[in-house]
Structures are given as structure tokens and as C-alpha cells.
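Order of writing sets the labels: A, B, C and D. Residues in every chain begin at 1.
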């Protein structure tokens, strides 16, 4: 949907999942380091709810793209013409996120699916989004083209980072990076909506002004900074709350990590394997 | 061969190998996790048959490209002119896959070839295919150009993924990804054939229509989704059949994998090395 | 600031940090291999001072860009026009390095921040610098465009290399590479200043001369060679001084490393994990 | 030197080193697996000779580029004009390979240089060669441009592969890949010489003919195939000779490697670290 709502909807979806991740991953990280093998049941249930919501969001997105008044209503080809291909492309994007959600669910429910498949499919979903956007933006005014193509940096970056999680699963740094990119993408969709389809009667942006393009490029960086701050804030909040809750029982968390000169992630992994 | 058969032939080759892989890799994966060190002899024989068929397919492809009525019949340069360079380029593509097949055979038969060389040569064969396609598509109508250049995403993606298998050999996720890309490539070759050379008298596609290009871009994503579904289906089938067969003897497979928070692939590898 | 000072300032910042790194990392490397777990307190204090200086430099950069006489003085939008976007873009670049400095400090001071986040944020800061430069250089004379766009190779190379340090933390080779790129970037900023804004009344360069562009391309390589030599020199100096200082107490350093055929970095890491 | 000799000289250098590597690496590989820790002294001496020859070749290249009759004779700037920048660029390429040779020597002679620096500098030398070629080929006839730019695939591929050896040092597959690329580069330089400057009075190639470009693209692939075959042949020869020599003393080599389903390179590395 080439209007404000068509950008606000996916933006909100990405923001909601991103904000949830910015709470979930710190929680998981501290939990793992504090005590082992508890809350697992709760954690698995939360993951399942998350996967369901992800699938649901995709379904809502597909239905919205198809059945808005000027949507294709599931008609693809009609009287020698393709019907509303833009909406169909958006449908395809949502569809891949939906598949990713279903795979997440299956990975949790069925034991015989190899770990990593969920990350691979998510990486593919993000890649497909970038791929479709890449071929999406021809024949548009410069600002429209630019504001959409900036998204490609985030999408291909996220795709590579998520694909790395197939090998380096449960790496907190990669997970936080993914989280920050997702929030970033969410706020950027809102920004696109505000720039291209000003909702409150604010004046239109001149789509050919070079200065606008230059500002938007810089604004893109600020959005990422904002996303970083949100992740950092939620990370700190989770830490503070966890510390408060646990203080009576003893400080399990404080002082765990010391900055040794040879404390590499790799060795952490290796010594982790000895403990098991 | 710039006609329907010239695309259906490699498409079928890729599909056959891809479908076989979508059965082989799950089979290997469950087999490894269930019991150790059995069926090895059978497995090695199957691998050998696969390598032979791969080489055979390449030979058929080369012969077809060279000796079709309008082929070059092994003439490369004739009266100051290069003869049928298109067919020669296709021959080169098949040739590299043939070399990859031969290397696969040698790796199985001769113990002193380092593991990983087979993957590297396969990655090179896929890269060469992409490389030749990249310089292949100039001076053609837009749709023809676009439909071929889309293939590059699959080819370079597959090439990187297969090259990773040099380091992370026998990683089931990378193997399934490779399988899905191969099936995808197979169905896409058929799609190219149907679009550019409609076989059953269906009307020609307008090669300059922007909407056709937009549809094809999206269609490309759907093909990948189809490939993913085929892999998932075959994976499930293999699992079901294996479970049925083994149930009398005890459930070796069910409940092996638990989703621990720190269950990384890396640690799996490491603990695997302890067991040996 | 599109003048000589505007390039000399960041150039000096990069040079100072780069030269300090070219001393720090060899020192850390020899220190780790000689004796274990000493000087840690001093080391941590030095790291903290470095992070503070990094943040300070960024603050100076931001203030300089904003409050030079022809700067924007924190005005972004004024009378329907964006104010001095060039300066704002430079401000954004400094800002990200400032955030990276703050994250470095926090990682040192607070135990619960996962190792690797500091590297990721630094990689992002370098990427953002490259990203903004990429969209920065349109509509300029060829030499100006070329001399700035050459910087992108260093920036994106550094960004990838620093991102690798998230996984392979404390790898001396990656650290030295990062150091060499930083010094390189520092000298290059000075070079840009001298070429585009000759400070001592030297004649202007012809910005459209193809030969000048060809020379600058080659000159860029020489700058990297210079940076390599500086790193090598400082590395040797640190080694010599350390050896002199320690000789009375016995030769801890000499003869530690032997070139075994199977002495891979990976095994070094692994045996390192056993020792802990 | 834009003539036949100017391409034959580096081509020969690359070929000589490449052919030597195609013998050295198999030798090292079999040697390591057969008996441990012998011949080390000889091996180190060979490595030293190789590094010296590499440096020597670079020196010859630099001298040839500078002091051919129409060379710059070390003059860079003369009467407001850059002197023979083409030759200076070639000099720079040789220079970096020379630095790489010196670093190789130092790594062998001095124990305190971290392993991996030699690979990093080699990767940089190859990258710089590619980088200079990339900006080298503007304003030339299409065939000239194309035949040089094809080289970039080999150079950037080799650069990435060599950089990987910083982490995965002594991986035989990466070493053989590097060897094949080097031989490939050597034969391709000869090919460039024959195409652009036919030495034996053969007719000139039409530099604007699309068919010639198409043939050269394919020919490039054949050269790589040739390089692969040379590496495979030398590998087999080394194996046969080693087996003959050792047969009296018992078959140390045969039957070492079995294709186990979970025999990953990673586990090989890990179990290797246990043995030490």
C-alpha cells in the first residue's frame, strides 16, 4: 500500500518484535549466566508465543495488502494485465516472514529439526525483503528511491548477521545487533511514511531537492543511533530489575565477567563445552 | 541452446540431483544421530553413484550443446570467426560440473585427497556458471536479461555457501541450504524455458513490459519458497519413514535434541570431537 | 569544514590513536606471552584513558564542526532550508565515534556488558563514516570525488575487520591490521587537505587532470605502505625495549614461538583454553 | 611496460612461484601426516629460499619497470608533469610483493612476529594489485579493458582466500586454492601478452569485436581449469614419489583418511590440538 498506513503497519510490526527482543535477549543472557537450566519451560513457551505473534503479524500484513479497497483481492492476472503487483510484492515479503514464523514454531515443537534452520529461513526472509525492494524502486522520484534504497543497507547487513547465527548461535552480540537493526527498520518505516505521505497535513517534501536527500541520509544514521540507545536502555533496565529481584538471594551476577587479556569469545565457547 | 530444451535439460539435471539431495542429507543426518558407524559402506557406494551420475549429466549436457543440429560440432574457430560461442559457453559450464563430479569420485576412491577439495571445486563450478552468465546477458531484451541475471543471486549465494562447507563440512543446515538452492535453480531453468520459449503454442511474453519484469522478480521468490517446501516435505517424509522402521527396536531418534539456551553449533562440534 | 583544518583535525585524531595502538597492542601481546595476569590494573586504567580521549576527540570534532564561524551553530532547519548539512554530516560521523568511546568506557567499568559490543559499535562507527562519505561526494570535481572515495576502501575494510574481532577478539593480527588502517586513514586525511586546500601558497592541483587522479591512486597505496612501516617500527621498538628491560630476569620472550607445520591459530586458541 | 615482455615477466614470476607451491604444499601435507617433527630444519630453509626469491623477483620487476629505455628512471615529477605513471603503478605492485617477501623472511627468522602477519601482508599485496588494476583500465579499447578486468576476479578471490589463512592457517585446501589462483594468474598474464601484443607477427585481434570478448571470457575459465589440472597433477606426482620412496619402510600414508560422516575439518583441528 503506497500510503502512510502501508508503511506504519510493517513499521509497527518490526518495532514491537524489536522491542520485545531488546528485553528478551538481555533476560536470556543474564539468566543463562546466573543459574543454569531453570525457567526453560517458561522460556520455551515465550519463544512459542513470539513465533505465533510473528506468524500472526505476517498474516495480518498479507490480508491488509490483499483486501484493502484498492488491493488485488487475490487476483494476480486479469484481462491480460498483472493486477496490483506492488501489493503482491508486499504480500510476498510478508509471506516469507510468515514462513519464518512457522519454522520457528516447528523448531520449538518438533525435536528433529536441526538448530540453525530457523535462523537461515529468517535470514532468507530478510534477504528476500531486500531483494524485492532493490527491484522495487525504479522509476520513482529521487527522494522516494533514496529513502527506500537506504533500507537495503540495514536489510543486507541484517541478513548476513542472521546467517552468521547459523554458525554462532546464541551469541549475545549478534542477537543484540539483530535487535538493533530490527528496531531501526521499524522506526525507518515510520520515517518513510512521514516523509513520503505526510499524514497531518504537513507540507509535502520536495522529492528532487538534493538537500532533502542529504538530510535523509544523515537522518538514517540518527535512527540507528536511536535504535542503539533503545537497546542499551532496555538492556540496563533488565539488568537493574534482575539485580533488585535477586539481591536477597546473593549477587550471582555481579563480578562474573572480568576483562582478561586473553578472554576471547572462542575460548569462552570452548571452556563452555568442557563444562557440559 | 537458446530454446526450450536447452533450458529444460539443465533444469532437469539440477532438479534430479536436488531432489536426491533432499532425501540423502536428512537420511545421513538421522542416521548419524541414531547409530554410529553403520551403513558406511552403503553410504559410500551411494555417494559414488551420485558422483558418477553428476559426471554423466555433465557429459550429456556437453554432447547436447555440441552436437545438436545447429551446434558447433567441436569447431571453435572457422574462417576468421568464432563458431557458436553461446554453445561453447554452455559447454564450459557443463565441463566444470563434470570436473566437480570427477573430483567427487576421486575423493571417495582415493584416501589421500584432502577433504574439502570436492566442495571447493563444486563452489568454483557454481561460481563459473554465474561468472559466464554475468557476461552472457548483454544485448538482449530486458526480460531475457532480467530472468537470467536473477539466477546470479542463487549462483553466487550457493557458491559462498558451498565454499563455507570447506570449513564447516557436514553441517546439515548448509547442506539443506545447498539442496534448496539447487532445486530452486532447477525449477527456475524450467521457468526461463516457459517464459522465453513458450513450448505449447502459448502466446509470447512481451519482453519490454515492466510489469512482466516485476512479476518475474516476485515469481523468483515463489520458486525459492517452493524449493524450501520440497526440502521440508522430503525431510519430514524421511523422518517419518525412519521412525516407522525403527519403532520396534526402540526410539533412538525421538527426544535427542533439546533446546538448551547454550546449545550452540560450535559446542556441538566440540563435544563431538571429545567423543571420538 | 571544507578546508585544510577540517581535514587536518580528524587526520590528527586518527594518527594519535593509531600511533598509540601501534605501541599498545605489541605491548599487550608481549606482556600476555611473557607473564600472565599482571599489570592488569594498569592495563585497564590505560584502556580507560584511551576511551576517554577517544570520546574527548569526538567532542572536540563536534564542537569544531558546529561552532566554526561559518558553522551551523546547532541550527538544523532555518527558513525552509537545511543549514550547513556538510557540517552536520561531519558532526554525525564524530558522534558515532563518541558513542563508541562511551561504550568502550562502559565495557571497562561495568562487568555485565557482553564483550564484543565495544568492537561492534566501533565497526558501526567506521561503517557510518564510510556510508556518509559514499553519499557525500556527488557533484564534486573528479579529483575531489576520487580522493574521498578512495577512503571507502580503508573504511569498509576496517569495518569488516573490526566486526571480525567480535568473534576473534584479541587476535593480534586483526589488531595490528586495524592499527595500520587507522594510521593510514590519518595520513590520508592530511594528504586530502594538502591536495584540495594547499596550505602554504603552493599552486592548486588541476582537479580534472587524469594524471593527477592516477598519481593519487598510487599515492594511496604508498600511504598504506607507510602505515605498515610505522606499525612494524613501533612493534620492533616495543620488543627491543621490553627485551632490554627484562634481560636481567631471564629471557621469557625469546624462543617462545616455533614454526611448527601444524601450528594454526585455531589450535593456539584451543590449547589456550586448556590452560585456563 | 605496455608490451609483450611487460606481461611475460610477471606471468613467469607468478608461474614459477605457483608451480613451486603446487609441489611444496602437497609435500608439506603428506610429510605432516606421515611422520611428525622431522625435516623441519630443511623445510624452514626452503621457506627462506622461497621468500628470498619472491623478494628478488619483485626487485627485478621494479628495476625492469623503472630502467627499460622508455621507463621513468626513478623520476616521478618533471616539468609540471607526472612521468610514466603506468610504470610507476607497476612498480608499486611489485613493491608490495617485495614487502610481502621481506615479511615472510622476517617471520621465519625472528620468533616474535605473530603468525598470520605474513598472510595478511600477502593478502594486502594481492589486493593492492587488484586495486591498482581496477583504476588502471579506463580509456582503453573494450578488449584490453575486459581482459585486464577479468583478472580482478582472481585477485580479489585470492585476496579473500589468503586473508582467511590468517585464521585458518595451514589449511591444505586454502593453500591449494591459492596455488591454483597463482598459476592461473601466471598463465593469464601470458595470455594477455599474446592477445594484446601478438609477439610472432600473428595478426592483431580486433579489440572492439564482441565475439572476441565473449571468447576471452570463456578462455579465462579454461585457464583456471588448466591451473586446476596442473595442481592436481603435481599433487599426484608428489604422492606417487613419496609412496615409492617410503614403501620399504612401511605404508605410513595409505589408509590414514577415512570418510566418516562426521569427520569435519573443525573436529580434525580440535583433535589435532589434543594430540599436541
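Methods note: a contact is a pair of C-beta atoms (placed from the backbone, for glycine too) under 8 Å apart; a residue touches a chain by one contact, two chains touch by 3 or more.
None of the values given here were measured: they were computed from a predicted structure.
Considering every other chain in turn, none proves to be in contact with both chain A and chain B.
Interface residue usage between chain B and chain D, two copies of one sequence, is largely distinct: under half of the residue numbers at the contact are used by both copies.
Of all chains, the one whose Cα centroid sits at the greatest distance from that of chain A is D. Overlaying chain A onto chain C using CA atoms gives a rotation of 90 degrees, to the nearest 5. With centres defined as mean CA coordinates, chain D is found 30 Å away from chain B. Taking each chain's centre as the mean of its C-alpha atoms, chain B lies 43 Å from chain C.
Residue numbers of chain C whose C-beta contacts span two or more other chains: 168, 171, 270.
Put simply, chain C touches chain A in their complex at residues 28, 31-32, 37, 40, 43-44, 81-82, 85, 88-89, 92, 95-96, 99, 107-108, 111-112, 114-117, 120-121, 124, 128, 131-132, 135, 138-139, 166-171, 269-270, 272-273, 276. Within the complex formed with chain B, the chain D residues making contact are 29-30, 153, 168, 171-174, 176-177, 210-215, 217-218, 221-222, 224-225, 228, 239, 253-267, 270-271, 274.
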